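To keep things simple, chains are lettered A, B, C and D as they appear, and every chain counts its residues starting from 1.
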Amino acid sequence: MNLNYTDQQNAFREEVRSWLAEHVPAEPLKTFDTEEGFQQHREWEATLNKGRWGMVTWPEELGGRACDLIEWLIFEEEYYRARAPLRVNQNGIFLLGPTLMEYGTEEQKARILPKMANGEEVWAQGWSEPNAGSDMAAIRSTARKDGDKYIINGQKTWSTRAVWADWLFGMFRTDPDSERHRGLTFILVPLNTPGITVRPIPQLDGLPGFAEIFFDNVEVDVANRLGDEGAGWSVAMATAGFERGLMLRSPARFQETARRLVELYKANQASADRDPAVRDAVMRAWMDAESYCLTTYETACRLTQGGKIGAESSTNKIFWSELDQAMHATAMSILGARAELLPHAPDAGDVGTWLDGWLFAQSGPIYAGTNEIQRNIIAERMLGMPR
Amino acid sequence: MNLNYTDQQNAFREEVRSWLAEHVPAEPLKTFDTEEGFQQHREWEATLNKGRWGMVTWPEELGGRACDLIEWLIFEEEYYRARAPLRVNQNGIFLLGPTLMEYGTEEQKARILPKMANGEEVWAQGWSEPNAGSDMAAIRSTARKDGDKYIINGQKTWSTRAVWADWLFGMFRTDPDSERHRGLTFILVPLNTPGITVRPIPQLDGLPGFAEIFFDNVEVDVANRLGDEGAGWSVAMATAGFERGLMLRSPARFQETARRLVELYKANQASADRDPAVRDAVMRAWMDAESYCLTTYETACRLTQGGKIGAESSTNKIFWSELDQAMHATAMSILGARAELLPHAPDAGDVGTWLDGWLFAQSGPIYAGTNEIQRNIIAERMLGMPR
Amino acid sequence: MDFTFSEDQLLFRDSVRDFLVNEVTPERIRGIWESDSGRDDGLWQQLAEMGLTGITVPEAHGGLGMDELDFVLLAQECGYVALPEPLVNTALVAVPVISQLGGQAAAEWLPKIAAGETRVAVGCSDNGLAEDAAQAGLLLWAEPQALYLLTPDQFSARFNESVDPSRRLYAIDIAAGVLPAASGEQAAALYQAVLDRGALGAAAQALGLAQRMIDISVQYTSERQQFGKVIGSFQAVKHHMANVAVRLEYAKAPVTRAAYALARGEAAQVAVSHAKLVACEAANLAAKNSIQVHGAMGYTWEVDLHIFMKKAWAMAGTFGDTGFHKQRVAEHIFADGVALGAGTTF
Amino acid sequence: MDFTFSEDQLLFRDSVRDFLVNEVTPERIRGIWESDSGRDDGLWQQLAEMGLTGITVPEAHGGLGMDELDFVLLAQECGYVALPEPLVNTALVAVPVISQLGGQAAAEWLPKIAAGETRVAVGCSDNGLAEDAAQAGLLLWAEPQALYLLTPDQFSARFNESVDPSRRLYAIDIAAGVLPAASGEQAAALYQAVLDRGALGAAAQALGLAQRMIDISVQYTSERQQFGKVIGSFQAVKHHMANVAVRLEYAKAPVTRAAYALARGEAAQVAVSHAKLVACEAANLAAKNSIQVHGAMGYTWEVDLHIFMKKAWAMAGTFGDTGFHKQRVAEHIFADGVALGAGTTF
């Protein structure tokens, strides 16, 4: 065990830090749940890609730096420290990207990954359907094979980024007689294909973070299938594993929130201390963010040495999503009467973006498999309790 | 609405207070989980009964005072304020007593209630069986009718007070072919009957608060049946209703614990405040105890006016048992390194009886139907959620 | 000792509930959100016609002459429908405070309020901003040392957007030369009254909001299927709702008791703070658990949940935030010589 | 950056675990409880034969010369079996402190400890009482300004009963004229070392205790039937256990990190306090949820649960209670100019 960074790791950190200092926009971008903000974030992806900082864990030939997990953690730390923009293409980068590298053909990788990397093609995800939710096995949208085409019909919902995205990846039922998780196929769909209708769904902040997507005899080349026909479930499970796993929520994000929470508390200490629960919650926030960082490093080190991620990774999402909710609830409590004000309200004072964060934090325990489902998984697969 | 006591109620309070001031033993009695303490408590019951304070809600002809619920609450407040002894015969007073009055024959009432009132006969309960627990419908002990006798075989467990008690009430399967909650009969059993073996079960504090009871061809007069043969389930449900409901946990107990917690906090404030969660927990304790008192008075007033206790009474047990646990956990936290010391340890200092209370508080969320079962009941019967 | 509402009070509550549930539907609230004024004059007139705007106005001034205790059940119903109109602040804060001021102010304004001619708004410097200031014919603005009754020409208002689109919040600037209606000790007492009464109104609304979120969630989870089962049949979903029900059940009596103390002119500060803390906590738990059992659906404007959730969040901070009320409780229970424990509640 | 234990460390851990689980059974612990001394000399000899009593004793003094990081995994295993013998205090506190004292003390005592000839006990004035003082051949007693190494003739011990019958606690009176082994600044530093090391030991044991309570509860609920089903199949029961698993999973790395800091001589106070707080919280949650899923059975001496639960409760208060460690965390994170946030952990 050695908890010091190597010289090489320190040098890497310096390189990231100075590039970001030079390139991170001085003005925060608009949210990518608006059209203008979406465009700004797309441009930022191109900037990142030009500096080869878009996908640091990707192989060099794909524009990445072949970073290992520790370097990735360092990159993330610097990225959050620098308050660099959120990644509009996270569906592509963190979910589809790794899946493509495992299941895609060479042709698919060559065609898709570079445009994903430079922000030219932003990806939406098409998992959920009405009345399916977290239950992917209940998917009913169909893809009927007709020569070298699939004819897609049905509906997807809760598709993040889909309002302005270019492509969608999702699962469709190719065997009409199949049930549950059999007979599903993983297909990539250009969102400008005739027959597709995208309807925005306003989320808690009123902006269209999600969309419903309707498919009416949409024709897609068979070449856009990822993995074998009928093997969609196992491809998707790998993707969902990436989603729940290490790659989606780097500790840096929560450590920065904890740091800002400490600052908010100190700036409002006299009024905050009237409620003794606040100080305790701030301390817990820091400790839990620190625990999350330490545990993630431990896992990353184990993985880089060839270890496997086990069932205990299901604890990950519960831990960070509850931490995120608790931190933002504490901030709301500190802000008191001001907590309800939108950031741009003229008398909002020091409320910052805590309200946005609070709204967003509500989704943490829900998406990518509700925390209730995660708890079932922990009990059954990690602890071995009876089904 | 009028939240002032009547002159009559104030006078009643004064009467209780002065009698208790005169009669409550100066030295705390030993715990009734020891033989000596059991005897002391039995004598205290006799003293209470002599003053007609043993069963204040019972009719006057049975040695009570026909108090309504408000007077009962006042009595309890004074009883806890005076730190009078715990009631060793609470199984009889609060559970069997009301059930007898509803289901017993005149002969049964005349034979049983006076001796219950004066402490001559202390009652144990015989609900649970091995592998049944809270699931009374899984009872397997049998009572076979033979002339004017029942021949009882089987085993009961978690029988509170049974180690030194005189009688037991419980349910037995009189129809051997019956299943679940059909074919059960409520029978009263003298514990000195041949064929009965009582085996103490040490509880968390090491003392025998519970016992297992083995029945080997135990002969009991049919006259000891309460209610009809095969109707045990509905009789028991009424008893369990008393247990969960208003009568078992008067607010006074929790308000006194909250008061002692405030005192403990103030006496140790400097060290307690190093953990800001403590002060918050103390405040919550006081507020929740106050909420419990207010809500209980509201319910009591509604009931005395002929209202019915509804499904919302299932919230009662969760509320007080979690409050009790939280208050004692807070006390343990304030006591720090001293918290683990038994009260009689020579250097225990001001630890008082918090540890005993903490151990006892562990049972609150478990007994009389676990809090998980209560939550199911609330969801299904009070909120109408699907089974 | 009688801790029950009268039959009359309960019947009136039922009729107001019926009215509100029928008239103030989520659809109508969405319409109000999209309107320029953010208020619905027709609705205000309907409330006036039922006597609600003047419910606490003395009969001599054209009102029903009822008190805080009569109104507290109705305030819960206002919460249940997330009523955007400032009825609770009117009945619980503005009218009693103007009545206390008495004289010319009472004679002039109370009849207009009772008749629904004037919408009155309440602001309090502890809140920072005043709700409905630009939509009202009269603004009652309370500061620790000055109480103002302001007509629209006497102040300017700057709109501040709340997470709850039902809440129209304004920073106000009082025109030069406008004199307070009360100052000094009288104003200090009225400022406390505004805070306590506003807090009670927020607490009562929080109870209604919590109940509505339970009802919405129970209905949603009783219909919605997942993994081949109605999700309301999952124990985790049931327990989320049961936990809210427990906290809500024990928050009701404290709110009633606080209303009683205010109505009887008894010392009410600790009772109000206790009530607001437990009621807002119940409502916030209701919000948290309701969105969780709604799944992704709860995160959208598609379902009605957020109408109630956002108001619940706002109630926690208005008319004294958690810290303010906890401090008042602490000052009471940690004071030397205070009587706590069994038998000290009433 | 390598946050993993070596193969050797893990293999050693596995072999110690096998030994402890086989030898220190609940039955043996119940036997120890009923013995007069409350300790088991045979067991201490077995530990010595495995090299464990001397694991952190320098090789020159007959030990294995390993460090805190080598031992921290074993301390968790000691918690897993609720080992009554003072192995953790010996290896993590007594031996390193005596080594730091060096000279005659080290030369005299370390070989005896390594050989299992002398059982050493550790006391700290912050705890008030000293565990095992009457069962030990040597008592290390730490006060803020004085550190004592006491032989049985140099102090008297008064027994104080703990809720955990495995813990034999004593108030001690040092005989007149006994001189401290260190005083002044040296003693102050060693006092801090005793607290930090003792706290790390408590934290590591708490992890093991939490894991054991999970294991016991999973097994119990997988066998026990109610309402016609195995109770472990109820979602509420599963979620109780999952909640413990989550907190435990994230308490492990902080404990490792604290051990690393101590082993490397880095500033360890904040790391130790963080580790103790989260580990003891996980263990206390494990106790609470385990007794709940055991139902009435958990409330008795019949099942093994209480052996581990009671020790978990005791761990929370020993070597710095929650307030002590929270205060140290607060002093760190609320200090002016401290570097917090992303990239500040290592």
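Note that a residue touches a chain if its C-beta (ideal position, glycine included) is under 8 Å from a C-beta of that chain, and two chains touch if they have at least 3 such contacts.
This is a predicted model, so every value here is computed, not measured.
C-beta contact counts were set side by side for B-C and B-D; B-C has more.
The greatest centre-to-centre distance from subunit B, using averaged C-alpha positions, is reached by A.
Distance between subunit B and subunit D, defined via averaged C-alpha coordinates, is recorded as 38 Å. Centroids of subunit C and subunit D (each the mean of its C-alpha atoms) stand 52 Å apart. Shared contact sites, meaning residues of subunit C that touch two or more other chains, fall at 234-237, 239, 326. Residue positions 275-280, 283, 372, 375 of subunit A each touch two or more of the other chains. Subunit A makes touch with subunit C in their complex at residues 128, 131-135, 138, 158, 201-204, 206, 210, 271-278, 325, 332-333, 335-342, 344-348, 355, 359, 362-363, 365-367, 370-372, 375.
Of all the residues in subunit D, the ones that touch subunit A in their complex are 1-6, 69, 214, 218, 221-222, 230, 232-233, 235, 237-239, 241-243, 245-246, 249-254, 256-257, 260, 274, 277-278, 326, 329-330, 333-334, 340-346. Residues of subunit B that touch subunit A in their complex: 275-280, 283. Within the complex, the subunit B residues that touch subunit C are 1-6, 9, 13, 70, 74, 76-78, 80-81, 251-253, 255-256, 258-260, 262, 265-266, 279-280, 282-283, 286-288, 290-295, 297-298, 300-302, 305, 307, 312, 315, 318-319, 372, 374-376, 378-380, 382-387.
Contacts from subunit C toward subunit D in the complex involve residues 234-236, 239.
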